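I've put the structures underneath this note.
Next come two complexes built around subunit A: one with subunit B, the other with subunit C.
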Partner chain A sequence: MLGLEKKDFRLLLIVIGLTMLAPFLLNPFPEGSEMAQFNAGYPDLMQRFVIFGIFAIGFNILFGLTGYLSFGHAAFLGAGSYGAVWMFKLLSMNVLPAIAISVVIAGLFSLLIGYISLRRSGIYFSILTLAFAQMSFALAYSVLTPITGGETGLQLALDDPRIFGVSQTATGNIPVPALFGLEMRSSFEWEVGAWLFTFNTGYYLAALFMILAFYMSIRIFRSPFGMMLRAIKSNQTRMSYTGLNAKPYTLAAFVISGMYAGLAGGLMASMDPLAGAERMQWTASGEVVLMTILGGAGTLIGPVLGAGMIKYFENIFSKINETILHGWFAFLPDGLENFVVAMIYPFIGKGWHLTLGIVFMLVVIFLPGGLVQGGQKIAALFKRSKPEDAKPNATEPAE
Partner chain B sequence: MGLLEVKGINKRFGGLQALGDVNLSVAEGSLHAIIGPNGAGKSTLLNVLVGKLIPDSGSVSFDGQSVLGRKPHEINQMGISRVFQTPEIFSDLSVFENVMIPCFAKRDGAFRMHAIESIFAEKGIQAQADAILDDVNMLEKKDMLASSLSRGDKRRLEMAMCLVQDPKLLLLDEPTAGMARADTENTINLLKDIREKRGITMAIIEHDMNVVFSLAERITVLAQGTPLVEDTPDNIKGHPKVREAYLGEAQV
Partner chain C sequence: MDQFILQILNGLDKGSAYALIALGLTLIFGTLGVVNFAHGALFMLGAFVAVTVSNILTLSHKVVDETRTDFLGNPLQVDVPYLYDWFGQTAGDAIIDWAVPISIIIAIPIMVAIGFIMERGLIKHFYKRPHADQILVTFGLAIVIQEIVKYFYGANPIPTPAPEAFVGSFDFGVAFGFDPNAIIYPYWRLVYFFFSIFIIGAVFAFLQFTTFGMVVRAGMADRETVGILGIDIDKRFTIMFGIAAAVAGLAGVMYAPINSPNYHMGMDFLVLSFVVVVVGGMGSLPGAVAAGFLLGILESFASMSAVIDILPGINQIIIYLVAIIILLTRPRGLMGRKGVMEE
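Here is the complex of A and B:
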């Protein structure tokens, strides 16, 4: 189906199902209940899930397949965002040209940085990409202020000279990004009993792009090109003595993943039309590395899971504060309650990084294949009766 | 003129003259062995032939074209394949994928952006890969991960990866180094078999006299970076200069 093997097609269907039903799946708890704070089905977060999913899928094409660890991919995401906002300012509020230009800009930018950085491999490559990304960040933050808006970031204004469309709406507001009149921020809310489900236009557009991105990544993984990339990771000596030039292959992978990052950046700007230099910072580059490794580098679905997990932690775990904790443990005697809260407190709220760090360490030590490997281990437990397909490795390619 | 012509190669590493005025001619269709004691410059010579090292002076031509200054992948595309002392294979890939990759390299050249086509649709390449695995008796292991193969099988796989490209010249760098007796015999038989079936020109660097004398048709003896003699195995065995430089210490 669609040029995919049965197994891959099933995976694609699962991803389509999950993304389309996300407003339900992420809102399992009734509105107003104790557990409602664990609901992730609000537009802003759902958009982030899929956008960072795209970012991680693209990163995985470079890191998961070729093993080249780029520490500067946020630069392409940032460049894409700036490109998109400029399109909103100059051309029109339609998101399609904005997204297209963000992919093109990120592609060209990654071609330049990749061409130089790929002269080295291993840690030197990582450092080169990191240096380039930090340079881009510094430039965007200061020198290039006329283009990037500097510290405040690039925003829309009431006097933007938009070629197609108006500078301001009839009511004197800045127009919002839309897809042929369908506003990105518009949502349809559906109340079912105590539950409230939100269907957001922007989310569904981003989700469609993620499905497309995921489909493309399956095709790349299963193509001769993808096989060459894995060959590069495995043995570069044999690669060159087999008559293959590793450099254009890695560069192509670098540019493709840069374009994925640009797509993510363009979508981010389409959801909320502003772009800031902090999107290019090294912490943002590091985050996508974490997502990919946490989910399972070199696996198809892993990066999406990793992105979802990190964004969930960042947005949900960080919201739990001391008062909520006290509420949970109110049934305990006072002294004990305070003790338990004091023990848990460092791991929640602003301390969510600590929890994430621990989870990350556990995954890297016990599940080097990431969450995907964890899933496979669990699946293997249930399938004990058929031990012949207890293959421990999902990064296992192509067959 | 030979398929491979090496003329007046010099290579110094600092104060060490690794190769001094080396001339070598490998005739098309022959199996040429290069032997010599440790440090004679055999591996240096091989690295020059495959483009890994650039000599200080001299020329290397293959099939009428100069090899010097070309990158290893370009030299491979000219038709020279190399088997390494320790098998260089794609350990993280399956045996089948290991042999598919050289098929793609042969068909599509050093780089092609075939990112959308599916591997599963490449029936021609798959048939080629199946055929070569059948030739080296590894067809039943095609789905195994290459890293899980035995050492002898890794050698076979590497050989298959070279052969599937149908090279004009196959360079072998001590193909039996560190092997058990049985594996060595297997490798000799494999090479003999390849010679009979395909008639590929081979240049082999080897330490093991047993291997050399049971395979080679011509032998060049290197000592301290210069060729001493080049002759047939029978003449080499009795050659006084060779005995002095090399065979005196080995059992023949």
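Here is the complex of A and C:
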């Protein structure tokens, strides 16, 4: 179906189902209940899930398939969002041209950086991309202020010369990004008993793009081109001995993943029309590395899971404070309660980065295939009937 | 001319920090072949050893001072460091004042121990894994160390002053026959520069003139043969890891008065130190040191207003720009050895 094998098509259907039903799935707890703080079904966070999902899917095409570890991918995301905001400022508030231009700009930018960086491999490639990204960040922050808005970031203003559309709405406000009149921030709220579900236009647009991106990535993974990329990862020397030049393939993978990052940046700007230099900083690049590895580099669904998990931790877990913890463990005797809270508190709430770091290290050490591999291992434990020799096929991530 | 000298001096202290961190990175890389992204965290830990030592030295208990009253009219409670009780006020003050130099002595065993634990506990298991895995696991470790420090010390920079004797600036102008006040340089930065020269010299002397160092150098050149000769090279490399950690830690201790330590200072330095190592040449110790000073000085020249007028923003990107040019034109870096990390 759609040029996919049955297994991949099922995976695609699952992803479509999950993203479309996300407003329900992420809001399992009724409003006002004790557990309501674990609800992640509000538009802002759902948008972030899918946007960072796109970013990580793109990164995975480069790292998961070719094994080239880029520490500068955030630069493309940043470039994409700048491009999108400029489109809003100059052309129109319609999101489609903005997203298109952000992909194009990020593609060109990654072509330039990739062409230079890919002359080296291994650690040198990582450092070159890191250097380029830090350079872009420093420039965006200082000299390029007329284009990037410098420290304050690039924002819409009341006197933007918009060619199609108006500079100000009738009420004197800045118009908001929309898709042919459908405002990105508009939501439909549906109350069912104690539950409140929010269906946000921006989220569904971003989700559509993510499904498209996911579909593209499956196609790339299963194509002869994807096979070439895997060959680069497993043995580049042997590949060149067979008469194949690895460089164009790697560069293509780099540009594709740069365009994915640009798409994510453009969507980010469409949801909230501003762009700042901090999106380009190397810590932001590090974040997408974390997402991809955590979920499972080289697997199809892994990066999306990793992105979702990190964003969930960042937004939900980090809000748990000491009072809430005391509430949870109130059933324990006082001394024990304080002890348990004191033991747990450093790892959640504001300390969620610590948990993230530890989990990440554990994944790198024990599960090179990420959480997806972990899931497969657990599944294999329950499938006792399968003989031993069936295991390698099932558990190995793309190598 | 005086501007010229001033910029060189300004570059030296930053260059010293780069050189020290890059030296440690290269030591680890040259011996164990591991790319250590947690090295910046070691630098930061060193700075926090200084913070901890000065916190411990100023541990105090409350004493009611009968002669003074607080705003409510009650007798005033004064914090008196325990050191006053033990050594008297003058000696106690002197010890507290010299907290940072004292931390150096304490930092060495602590950092060596941390290095040992890191190598034996974690990095040992990653020798056979790809470089990308090494980068990732040490990157994760760096995050964990950072967050632990953040948990205990908070997110704000903690000012850690240098001893009174080194506060203030040295007027180079007078000493070298320029106008007074033309070249002013803080004493502590001078101290930092000489300290780093001393450490670098000590590491080189250790490698060059001791039997241990000779074995380590032999191991760097050809690990397998040294192993065949019946020498337990792994043990020696572990010790070198400890030394590298101590070098990074000492760089951090001494840097605390220059820049108040905060939990992410390590990451800020790490990126630059990697660039330094690559420019100097992976695996080359003299290259790392030379590139450290060179880039430090280049950076301070680039921030001269005369240069910024011609090329705006150059001070922000000069180091990266140099790194990119070097990597593309001289793939081995300035003094890189043949055969190191050349895939």
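Please note the rule applied: the second predicted complex is superposed on the first by the 387 of 399 C-alpha atoms of A that agree within 3 Å, B and C clash if a C-alpha of one lies under 4 Å from a C-alpha of the other, contacts with A are read in each partner's own complex, and residues count from 1 in each chain.
One rule holds for everything that comes next: a contact is a pair of C-beta atoms (placed from the backbone, for glycine too) under 8 Å apart; a residue touches a chain by one contact, two chains touch by 3 or more.
Please read these numbers as outputs of a predicted model, since none were measured by experiment.
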Which superposed partner A:V192 touches (first subunit B, second subunit C, both, neither): neither
Which superposed partner A:A330 touches (first subunit B, second subunit C, both, neither): neither
Touching partner for A:R222 - first (subunit B), second (subunit C), both, neither: first
Contacts of A:T242 with subunit B and subunit C, given as first, second, both or neither: first
Contacts of A:I163 with subunit B and subunit C, given as first, second, both or neither: neither
For the subunit C and subunit A complex, residues of the former touching the latter: 35, 122, 125, 130-133, 135-137, 139-141, 143-144, 146-148, 150-151, 267, 271, 274-275, 278, 282, 312-313, 316-317, 320-321, 323-324, 327-328, 331, 341, 343
Subunit A partner contacts - residues on subunit B that touch it in the complex: 50, 71-74, 76-77, 81-82, 84, 88-94, 96-97, 100-102, 104-106, 108-122, 143, 145, 161, 165
Subunit A to subunit B touching residues, read off their complex: 3-5, 219-220, 222-228, 230-231, 233-235, 237-245, 248-249, 252, 256, 396-399
Sites on subunit A touched by subunit C in the complex: 67, 69, 116, 119-124, 126-128, 130-132, 134-135, 138-139, 141-144, 236, 282-283, 286, 289, 293, 346, 351, 353-354, 356-358, 360-361, 364-365, 368
